[in-house]
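Below are two complexes that have chain A in common, paired first with chain B and then with chain C.
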Partner chain A sequence: MEFSIEQILHSLRLTSPLLVLIFAAMAVLVADVLLPRAHRWTLALIGMAGIGLALVALYWARPPQPMDTNYLELAFGGTIQAGYLTFLAHNVILATGLFLILISPNYLAGRAVPHGEYYALLLLATLAMMALASSNELLTLFLNIELLSITLYILTGIEKNNLRSSEAGFKYFLLGSFAAAFLLLGIGFVYGATGQTRFDAIGQAIAAGRILNPAYLAIGVGLLMIGLGFKLTLAPFHMYAPDVYEGAPTPIAAAIATGSKVGGFVVFFNLMAIVAGWRDLPQGLWVALYAIVAASMVVGNVGAIVQPNLKRLLAYSSIAHSGYTLVPMVVLLRRPDLLAEARVAVAYYLLAYTLMTLLVFGVATTLGPLGEGRISHYAGLGRRSPALAMIMALALVSLVGVPPTVGFFGKLRLFSVAIEGDHIRLAVLGVLASVASAFYYLRVTVTMYMEEPSPEAGERLIPAEGVNFVILTVGAVGVFVFAVFPWLYLFAA
Partner chain B sequence: MNPQLILLIPVLPLLAFLANGLFGRWLGRAGGWLAVLCMGGSAVIGAVLFIGALGGRIALPVDVTLWQWLAVGDLSVRVGFHVDQLTCLMLFFVTLVSSLVFLYSMGYMEGDPGFNRFFAYMGLFDFSMLVLVLGDSLPVMFVGWEGVGLCSYLLIGYYLALPGAADAGKKAFIVNRIGDFGFLVAMCMLFKATGTLHIQTILGEAAAGANPLLRAGGAFVTALTLMLFLGCTGKSAQIPLFVWLPDAMAGPTPVSALIHAATMVTAGVYLMVRLSALFALAPATMLVVAIVAALTAFVAGSIALTQRDIKKVLAYSTVSQLGYMFLACGVGAFVAGIFHVFTHAFFKGLLFLGAGSVIHSAHHEQDLFNLGGLRRAMPKTAVTFFIACLAIAGIPPLAGFFSKDEILWQTFASGRLGLWVLGVVTALMTAIYSFRAYFLTFEGESRLEKAHGHGHGDAHGHGAVHESPATMTIPLILLAVGAVGAGFLNLPPLFLGGEGKEGVVSTFLEPVLAPAREIIAARAHMAAAGEAVHHGAGLEVGLMLFSIALAVAGLLLARHYALKAWPAAADRAAHRFGSLYQLSYHRWWWDDFYNLAVAGGLRGVARLATWFDRWIIDGILHTIGGLASLGSRALRGLQNGQVQSYALGFLVGVNVVVWLVLWF
Partner chain C sequence: MTYMIHGNLILAMAIFTIGMLGILWKRNAIAIFMCVELMLNAANLVFVTFAQSLGQARGVAVFLFVITVAAAEAAVGLALFIKVFNDKQTIEADRLDMLQH
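Up next, the complex of A and B:
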């Protein structure tokens, strides 16, 4: 393939946010070596500057305005793509990265975590999430997902003298490799069936009916669903999630739950959009995805009910929310004409889900060792730290999906697509699952406001000040702002 | 005028809310001044808009669409503002009276521990009201409608330590919910009929008459407008939902002034005038409105005659005056109705702020029988209060005379003589109760000392009664100017030199109200087969003189009972009309009736529902919950921490997916 200078420059421009992040990660490592006795904020500040520059680069390379939901540009010979969903996902991921770096310094204080590696890996993970969302080719997809996984394996186990952290990292690594095998197998099948690895080329082949063996393609797509389903904690590939979330340092659990999933959702959506163009799509693929989505909503919500640990509860909650987010993609397989609606609905939910989940993780991180453990430790938080309890309650109410929060409008959009696309039963299941979720989310709220603090937690007032408080407040305001002004994020309505 | 400036009108009070709500602790007294400044800014823009529109320099209507709010199925709601002549008029007096109340509150609330909380609520209150007035679709209006309800709840229950305050707030909220139910049902019906909730589109369809569901006189439109009117009776305190307003007195007095004069209670009248074309299609509803309104005016007026609490007198007076406004709307005189809203805002605001001024300096004494003789100590309050009484009693040429007389005349002209008699009797009672309040408070001997006992308190700031500070008297004086002069904005044709000439406000509002007028005129035309009923100018002058005579008679009666022969004559009268007096004093036992019949009946239903809930619903739920818990425990059992079993689960999933793909 021939590249002209223009093409290379164009490709570099589209990928400039990623390049900036690579340099930022290197800068953190170099600074760590050069300034061995640096203040704990120094490295975080370099990381923040990197993300800030990446945001600038993102806007430099932004899609033409006003944005079209079908906008698509390719880079580096079609291996990388920039589209509407990708652009919005990049925004969310960068904001997530910034959030995580901001809440980390206070969390890491007094823990045996090497700061340089931590921030560098966090930046690399952010880069990998973005790259994953940009993938437009099967092998690129695999490379990106591995880059993301490896950084997250290390970050999960980075707390060396904490056995749970190491155990979580190791489990994540073993099961992740297991899942990667299926992903590779799926890539092989799809390549074998279509002779293509680029998404757009596969899409053209499928649409034109140039399929060597429909059964291979169906199995290949099924295996890709499984491989990505592991990243997205879809049932029954979710089982690692509660253990890993519990063991990982809380900001890292937040990254696994939000940013890494955002990248995964985008790829999953792009793949399903391609497969939806298959004129005689095997019924089984739709049934399988339907089953996975329904199972995720049920398992996530049922599993969360008896969790005594907040991070495990959030793991199940994130399983359920993955189910919700995939509802439009199930619909898409039957109704490819709803592509634009489904894309906007998913794009909006990426933000909604990330925002709410980060707020809960953010409060848990701010509370330190007290916040990471049992839910009963939250008893009386309403009095001990009114501001944090308020933010937490707001995020939980939004996770339930109560208006006028982003959680409500996000679910409204997702389930509207299902209803428009004649998947009423799936929508009803989703709504019922949300109703059930009110039980365990509100249980935390009840604990915070209506139960007396346990003796071990004590009556101690927890000051909610500093950076954590400011950024959590900003996020809490966002829960309302993005609910009322969705176009602030979606640009095109 | 730049449409962005119109946006500032609601945004500025919102700013006051945010500043005081979020940073009140640090702002302190400056937060109050900021709120006054914001509200004043709104008032200036409102005045510029109104004057510009009056002079025709601003082309109306102006539509400002802000953003797409939600789109579900066929329903699409944009957040947008519609500014026409009616909106301008409302914006003008709402912002003006509110800013004066804000300024007044600076003095009244000084030193209150919740100073910033108060101003935050007030800002939100005004913001909601302005959204209600500006909204171009029913859902946006409903946001304001509910916001006003919420803020009234917060402000009525503002004194957290006052035992009755929380109950009063709750009562206001619950009673309003009943009305809101009517509004919601009406909204659904309108959506069914027209497929949209955009007000101007709905009004256009109503005027065009092509929609089969909105046929003139049809059952659907009658039911729909009755539901709307139910909403109005909640917000605007009409029978049967007026009971919350008198209890709303538990809030600080500036709040009462705001609720009664500028915001909240005028919302119902505004809604009715805004949707006048719909109401005009349903003559049966109009009749119901007129009857309910006349009865409300009469009942509330009669209650106000004997109340001892000065704020209660004023509260029932508001209910009674709102009855007048709806009476006007019910007989099709929408201009007269909205004009009475306009003039009423000035003199009722003035009455409440005057009462607040008295309460503020008389050590929170609100019982009329314990006041008296305050004119010497607080001349400014007394004079302005007297002006307000003249205005509300309908003494020419003050504001109330023109607006109320127009309503009575229109009622008479519509041929509903029974309603007219009720209106006239109410007019007499209005004069009596307002001057009774004035004389008992400001004239005669001071009874304050007697009531509070002598000698104590000299050292504790319980000093002599004194005039209120300038922050409180300046709003009083400005409102008094309005109470004197506002009536000239809409002189009846009689004063302008005959038929065909209309007052300023009538001409101004003509474009908004023309559809309703035409619908009504078309019906009258059919009924009378071209024979318009025509009353001579002589009759109008005669009736006008009659109502002036009534007002003066009311003044003299009040003076006799409250001043000359106090308290002997009043006691004698109370004895002679024993049962009537009891009826009035105990507010027609309206609240007791609700307690007994409605609340009692509800309690019975509630008991039944509790039983059903406890044994049937909870039983089902506990079963489901138990099953879910079991499932959850089972899942937890699978979650044993072994990587091998996780991988096994994974493999099961892979098998299921692959076999599903291959089988189907």
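Up next, the complex of A and C:
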């Protein structure tokens, strides 16, 4: 493989947002050493500047206008790709990173968390999520998943003198590395079956029928589904999620639930788009993915009903939403001709899911120790902090999928792909699951507005703090804006 | 040649399964992590086998990357184990049950 100067410059331009984030993370670490007595906002501001520059770089290297949903460019010998879905996912991930850095300083005040390491690792995790969405090669995919996982293990267990944080980090590490082994074995078999590691080369080999051993390819794809299934908390690989979400610092739980999944969804979509080109795709793979998606929707919604803790409830809710997001990918295996519709539907739901989930986590973070505990602690929040309660209620209603919110239009797009692709039963199951989810989402709302506060929580009014309140309000407005004007985000219908 | 590929793959699958069963049975975090390493190395064996049969260097390069990543992962994992041990005086996975209660 030869590289000309032009190719290298082109590659650097396409990956410039990632490079900016590496330097931002280093800058935070250096600033932490040089300014030992810095104000708690100083390092956060450096991190925000880094994310801002990465956004500028992202738009500098943006796809040509008007945007084509099939747009695809490769960098660094085809290991990194820039496409329509990747570009939109990068927007969502950078916004998530900015949101998390903004809500962190108030949350970290008074907690035994080393600030320099926290912000540097958060930036590196953001970088890894973006790089994961850009992966166009199996080894790159593995390295990015590991970079993301390792930074998140540390962030989960970062809080000193907090046994829950340590235990969550410990469990996340053991199960995460277990899953990585499955992913790696799957990569090995796909490589052995096609002799290729680049997604586009594998796709061509599969489409042209140049498969050395179909059995190896089927085993490899199955193992990849398991390995990525852990990352995306799909049932039955979701067992660790509730414990990790509960124990991790709330902003980190939000990062695990949103950004890391966004990266995973994009790469899973790209893989399924390749596999869909396989003319004699084994029935078993489609059945397996169908079963995983159906199980995720059922397990997530049933599990959430009995959870007394808000973060555990959100973990089960995120399992269910992973199931919804994968519906178009199941359809894709049977109807590869729906690729463009499925891509737009998934892209839109990435934004919808991230926005709603971040709002709920954002309110929990703003409430501090109170927000991390049992749902009963939210009793009377409607009177004690009307603004926060309203934002939370809005996000929960959107998670149920009530019009006119992003949650409704997101699910509408996902399930219309299923109906168009003759997967009506899956769409019906999804709608029924959404209806059932109203029970536990609205239970939180009822607790906030109808129940008397417990004596320990008291009647004290909770002031909506400046920065947190502003970004939560912006997010809440986004729930309606992106629902009514989807082209603001999709750049296309 | 085909015989050797299959032999190697069967060996790799056997090691992978031993690692997987070990994770299900063992309770000590260090032992569990050793089993994970066993699984990763079984996957490495698969890469090297296919690289050999395809006559490519790519599979062997993957193996080098995986070893490096596994080392980084081990460093983070052991740090987390020490943190848990300092707090709870144990790293038996089933004796950590603060969450959910």
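A few notes on this one:
Everything below uses one rule, namely that the second predicted complex is superposed on the first by the 493 of 493 C-alpha atoms of A that agree within 3 Å, B and C clash if a C-alpha of one lies under 4 Å from a C-alpha of the other, contacts with A are read in each partner's own complex, and residues count from 1 in each chain.
Just so we're on the same page, a residue touches a chain if its C-beta (ideal position, glycine included) is under 8 Å from a C-beta of that chain, and two chains touch if they have at least 3 such contacts.
Everything numeric here is computed off the predicted structure, so don't read it as measured data.
Using the contact criterion defined above for the overlaid structures, shared-chain residue A:Val287 touches chain B, although it does not reach chain C. In the superposition on chain A, A:Ile154 contacts chain C only, with no contact to chain B. Contacts of A:Phe485 after superposition: chain B is touched, whereas chain C is not reached. Residue contacts after overlaying the shared chain place A:Leu163 against chain C, while chain B stays out of touching range. Among chain B and chain C, the chain that touches a larger number of residues in chain A is B.
In the superposition on chain A, A:Val299 makes contact with chain B only, while chain C stays out of contact range. In the superposed model, A:Leu174 lies in contact with both chain B and chain C. When both complexes are overlaid on chain A, the residue A:Met239 reaches chain B alone and has no touch with chain C. Looking at the shared chain after the overlay, A:Ser416 reaches chain B, while chain C stays out of its contact range.
In the superposition on chain A, A:Asn70 makes contact with neither chain B nor chain C.
Overlap of the chain B and chain C interfaces on chain A: residues 171, 174, 178, 182, 242-243.
For chain B in complex with chain A, the residues that touch the partner chain are 67-70, 72-73, 625, 628-629, 631-633, 635-636, 638-639, 641, 643, 645-647, 649-650, 652-654, 656-658, 660-664. Against chain B, the residues of chain A that register as touching in their complex are 171, 174-175, 178-179, 182, 215, 218-219, 221-223, 225-226, 229-230, 235-237, 239-240, 242-243, 282-285, 287-288, 291-292, 299, 302-307, 409, 412, 416, 419, 436, 439, 484-485, 487, 493.
Those residues of chain A lying in contact with chain C across their complex are 139, 142-143, 146, 149-150, 153-154, 157, 163-164, 166-171, 173-174, 177-178, 180-182, 184-185, 187-189, 191-192, 195, 197, 242-243, 246-247, 312. Chain C contributes residues 16, 19, 23, 29, 32-33, 36, 39-40, 42-44, 46-47, 49-50, 53-54, 56, 58-59, 61-62, 65-66, 69, 72-73, 76-77, 79-81, 83-84, 87-88, 91, 93, 96, 98-100 to its touches with chain A in the complex.
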